[in-house]
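Take a look at the structures below.
Paired with subunit B in one complex and with subunit C in the other, subunit A is shared by the two complexes that follow.
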Partner chain A sequence: MNYSYYPGCTLKTKAQGLEACAFKSAQVLGVNLVEQEEWQCCGAVYPLAADEIGTKLASVRSLVAARTKGEKLVTLCAACHQVIKRVNHDMKTKEDMREKVNNYLQLKEDYQGESEVIHYLELLRDEVGFESLAKKVKVSLAGRKVAAYYGCLLLRPREIMDFDDPERPTILEKFLESLGASPVNYPYRTECCGGYLSIEREEVVEKMVNKIIDSALQQGAEEIVTACPLCKYNLENSSLCQKGEIVVSYFTELLAESLQVKEG
Partner chain B sequence: MQRVGVFICWCGTNISSTVNIEQVVAALENIPGVVYIKDYQYMCSEIGQNLVKDAIKEQNINRVVVASCSPRMHEATFRKAAAAAGLNPYLVEIANIREHCSWVHKDKEAATQKAISLTRAAVAKAILNEQLIPGEVGVEKRALVIGGGIAGIQTALDIAEAGYQVDLVEKTPSIGGKMAQLDKTFPTLDCSACILTPKMVDLALNSKINLYSYSEVTEVNGFVGNFEVTINQKARSIEMEKCTGCGICLAKCPAKKALSEFEEGLAKRAAIYTPFPQAVPNVPVIDRETCIKFVTGKCGLCAKLCPTGAIDYEQKDQIVNQKYGVIIVATGYDLINLDRFGEYQYLDHPDIITGLEFERLVNAAGPTGGKLVRPSDQKQPKKVVFIQCVGSRDKSERGKAYCSKICCMYTAKHAMLLRDKYPDCEAYVFYIDVRTAGKGFEEFQRRAVENYGVNYIKGMVGKIFPGDNQLQVNGVDALSGELLQLEADLVVLAAATQAKPEADEVARMLSISIDRDRFFTEAHPKLRPVETHCAGIYLAGACQGPKDIPETVAQASAAATKAIGVLSKNKLVNNPCVAKVEQAVCSGCLACIKICPYEAITEQVIEEKTRGKVRLRRVAEVNETLCQGCGGCTVACRPGAIDLKGFSNQQILAEVDAICR
Partner chain C sequence: MLREKITPDTTKKEIGQISEISDEKILDCLQCGKCTAGCPAIHGMDIMPHQVIRLLQLGQVDKLLASTTIWGCAACFTCLSRCPRKVDLSKIMEALRLIVLRTKGNQRLEIDKVPELLAKQIPQQAIVSGFRKYVK
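Presenting the complex of A and B:
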């Protein structure tokens, strides 16, 4: 199966591991991810400017490119996913914005939200299937107690992201189970990591992430996985992580490990 | 020549604010046959009805058209008025210019034109109306009550008290319903079992009442006075006549893994069980899914031990067919499923419980003998947080938009019971509003605050974080704006009430309607609160909407009164608007027999003389007592030989013509 793939800036800089492992794993799973040509920054903090269309154009260009190829658009960065999915939703439902964007872009055919945006995790769940994923696992992660950390961006707003139950998600746990690992249930797995507060209010973020890590440790977790580069950054900068109490990795790293494609 | 009188009602401003009455009057003046037009503010009032009566007498009117509300509302009123003035009531025609017009439109000009069209159609139909004489049908003097909670019990007792036979069908092994699970009842704190179980026993001993427990109604046909009902008595695997209720089987059964439904899953029960010791009937059932004998074929211990040989593994479901004059629906309610309220961690932690589970935990007959302990470690809690409106007053798709009505009161009760029994245990209640309308209710809740020191916090809980030993409850005090973190030992969720999952099925079976929350709909929200739109079927209790015990009992008695009203009659007036076959036109294809849902049409062979010879010919014949006047056959009839009296093909076409004119 062919998919259009939108990486985003972070995956080309800080979060290269997230992408590299995702790509190698996709190959083994028979999924052909093709990086979009000339993709642009998604606009990052889109929700802060609901009435601004300039920040949304980059997402629309990617969505249109996917439409042209007739492929689903796969994202990997939780923030890019949030932005592109919400822009697509707006293009589907907000007439005013749709008109302005189309007037500006002057496409041959107006874009009305026809493309489908899926996150890599959804690709695994809905296209590959966790059961067939489990069959392809070469090195089972049996015995590893992993805490799945969701953050906010994949789950909310519920109606638009349509990803999982934001109060009681299961997709990462089911993913971990398919790799043979033992997911750890802890109440802080959907709490906010502090996000961009880490730029100016580090002490606030420190409190927030330590609660998350504490809670995971209390429930016996030995490692944490996440899908979001910013969550990972904030978790890793916590004093608990710095002390080596726990390691944080991307979910794709565990995936690649279990498929034996991580190295080289 | 027909002389039509038209009576146009303003319904105060209900019609007149959207429909220009003067214009309607003017438009009707030139219609042939209309000899008298009158408009009035409230045509249904005594003065209004007199206008109709006087016009019939003084203006020699022989057809009456009332342009007003839905015929469901006042057709009977105006038919009665016409009859009082000596006119056959079926010569009255209603034009619905309220529900079908003024209430649903805003544009006055368009609504006025529509009202004129509707009234013109009614005039055209009225001119063709014929005198109809209703027949009579007998009444089966037996009532069916569906559901054996407090609502069904009260209804059954009241009907039996009036001297009529009652059959009560209860789905579970025992009657008692939710009330049997409760500990104390508000606002008097009397013990629920102490006031309920005597009623259950009364019911069991009442010779007029026949109880079908562990049974379900599977089919309902017929109509008021003559319902034909099929009841499935599920196989209990016990012969009821032989069982003495000694309880040896319950004690010795080795399969004790099933969760007790009665204990809300807080305790285990045997595969052979009675839901609770005071069950009526006090005869166990075997749960065939968990019984070792049924699962593996081995065991059979209960049969060996039973001193009267009452165990019967071969028992089959039994079908009972019975006729009833009336049916009372008292199927009750459920609490919502909390799967989708992940923030409260109900599914993830044993010390987060529902109000109903709390009832069992403080009940002397409950799994802990009335000692309030945490399910996780059996320790007595020192701080309990109650959260109200979990799913109630929640417009999102996972919640219910309505107020569940009982939670404010039972939460106050829970907190009070807690503080009374364990004065060193703190109680906190998160609420949106405290709603205590009801006799003695406000005083009751204030007692919780003022005498029992229950801490009420206006605000909601955002999330519960289960910790090592305690539950961290994060909420907001909306009055101070302060964010709160309470370390609780036990959290009690006042989960929203909801209609039973099988409500849709029951509604379809009985042809009664349900609202968008799937509660059964009453015929009129104010004036006919216990009747349904289906004659002879009544509602009692929380199946119609959230209700507490006092209100349920009141409604149950009201439903019983309505039912007794029907049962006390020897004959009911039949609807004369039934199908009629013009046998000369009937081709004998009998397509009508296939389409009739009431089996009211039969084949008949008639003798005909043509050119001196006698010939036999097959035609359709309608049984007027069985026909419900649905009109299906009139449409199916190819030669157009069948007409519905009062709604003939000619009349319908005349209406269409009048609208298109």
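Presenting the complex of A and C:
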């Protein structure tokens, strides 16, 4: 099946591993991700101000392009997913913004939030199915104790993201189980890593990430997976990680490993 | 905190700006404190999240504009997801930041800082976020 794919700035630079593994795995799973032709950076944070329109336009352009192709729009970076999904929700529900955006963009047909945005994990769960994924696994990750780290952006706000239970999510654990790994349950898996605070408030972030990692270690985790390049950076920058207590990788790296497509 | 009955017609011009930018209703807050209890970034804040709303209800915006709290909020949406009144504090924090940032000379991130950030291997998304959050 064909899907429009939105990469975002970081997947083309620092987080190429997240994308490469996702693409190689998709091929094996019979999913055809086609990168959008003229995507623009989403801005990395959803503009929370109701009176800001310009900063939301890049997302709308990608949403419109997906509508034109009649395909679902697949995201991979948790931050892009949050931005594009929330802008789409605004276009569906906020008349005032919809009117301004459409007046500005002058499309042949007004955009009203018709496209569907799904994250790669949702693609695996809802389109491929974890059961059929399990059948395609070549190298089982049996015996690996993996802590799934969700962070904020995929889960909250629940009403808009509509991804999983924001307090007790299970999608990443089910994903890990389908690869044969043993997911580790720990209380801090939905707690914020500090996100963009690492630009100017490193000391605040340090405390936040150490709490998360400490919590995962206490429950016996040997590695952590995430879907966000900034979460990965913040977690890896923590003193616990720097000491080599635990490694952090992208969920797609484990996926590609178990499908035996990671190298080459 | 002041013991004072609040009325909807608190006058300061910034209060109007905040409701316009955030699209949130500060009078919906019943001061239960759940937002503060669950805030993961609280150790970087001088005013607690529920107090932010209380001060707004009392019209004391100046204290908030000068606080470390508004720059310490990570926009993680934990408070919103647990608030019994569905008050979105992240939007109120953003509105407070914007009142500062939309005033000339108040930018917090200089373009010259980018090479230094890139040298630290910080992901591009953080730098882009920085320009969205600290510059207008």
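Everything below uses one rule, namely that the second predicted complex is superposed on the first by the 262 of 264 C-alpha atoms of A that agree within 3 Å, B and C clash if a C-alpha of one lies under 4 Å from a C-alpha of the other, contacts with A are read in each partner's own complex, and residues count from 1 in each chain.
One rule holds for everything that comes next: contacts are C-beta pairs under 8 Å (C-beta built on N, C-alpha and C of every residue); 3 or more make two chains touch, one makes a residue touch a chain.
Bear in mind the structure is a predicted one, so any value in this text is a computation, not a measurement.
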item: First, second, both or neither for A:T13, with subunit B first and subunit C second; value: second
item: Touching partner for A:C77 - first (subunit B), second (subunit C), both, neither; value: second
item: Which superposed partner A:V45 touches (first subunit B, second subunit C, both, neither); value: second
item: Subunit B versus subunit C, judged by how many residues of subunit A each one touches; value: C
item: First (subunit B), second (subunit C), both or neither touched by A:D165; value: first
item: Touching partner for A:C241 - first (subunit B), second (subunit C), both, neither; value: neither
item: First (subunit B), second (subunit C), both or neither touched by A:P229; value: second
item: Partner chain(s) touched by A:A181 [first = subunit B, second = subunit C, both, neither]; value: neither
item: Subunit B versus subunit C as contact partner of A:V209, first or second or both or neither; value: neither
item: Contact residues common to both interfaces of subunit A (with subunit B and with subunit C); value: 166-167, 191
item: In the complex with subunit A, residue positions of subunit C that touch it; value: 20-23, 40-41, 43-44, 71-72, 74-78, 80-81, 88, 90-91, 94-95, 98, 108-109, 117, 121-130, 132-134
item: Complex contact set, residues of subunit A against subunit C; value: 8-10, 13-15, 41, 43-45, 47-51, 55, 77, 79, 152, 155-158, 166-167, 191-192, 194-201, 203-204, 207-208, 211, 229-230, 232-233
item: Subunit A contact footprint on subunit B (complex, rising order); value: 339-343, 345, 347-348, 463-468
item: Subunit B partner contacts - residues on subunit A that touch it in the complex; value: 165-168, 185, 187-188, 190-191, 215, 218
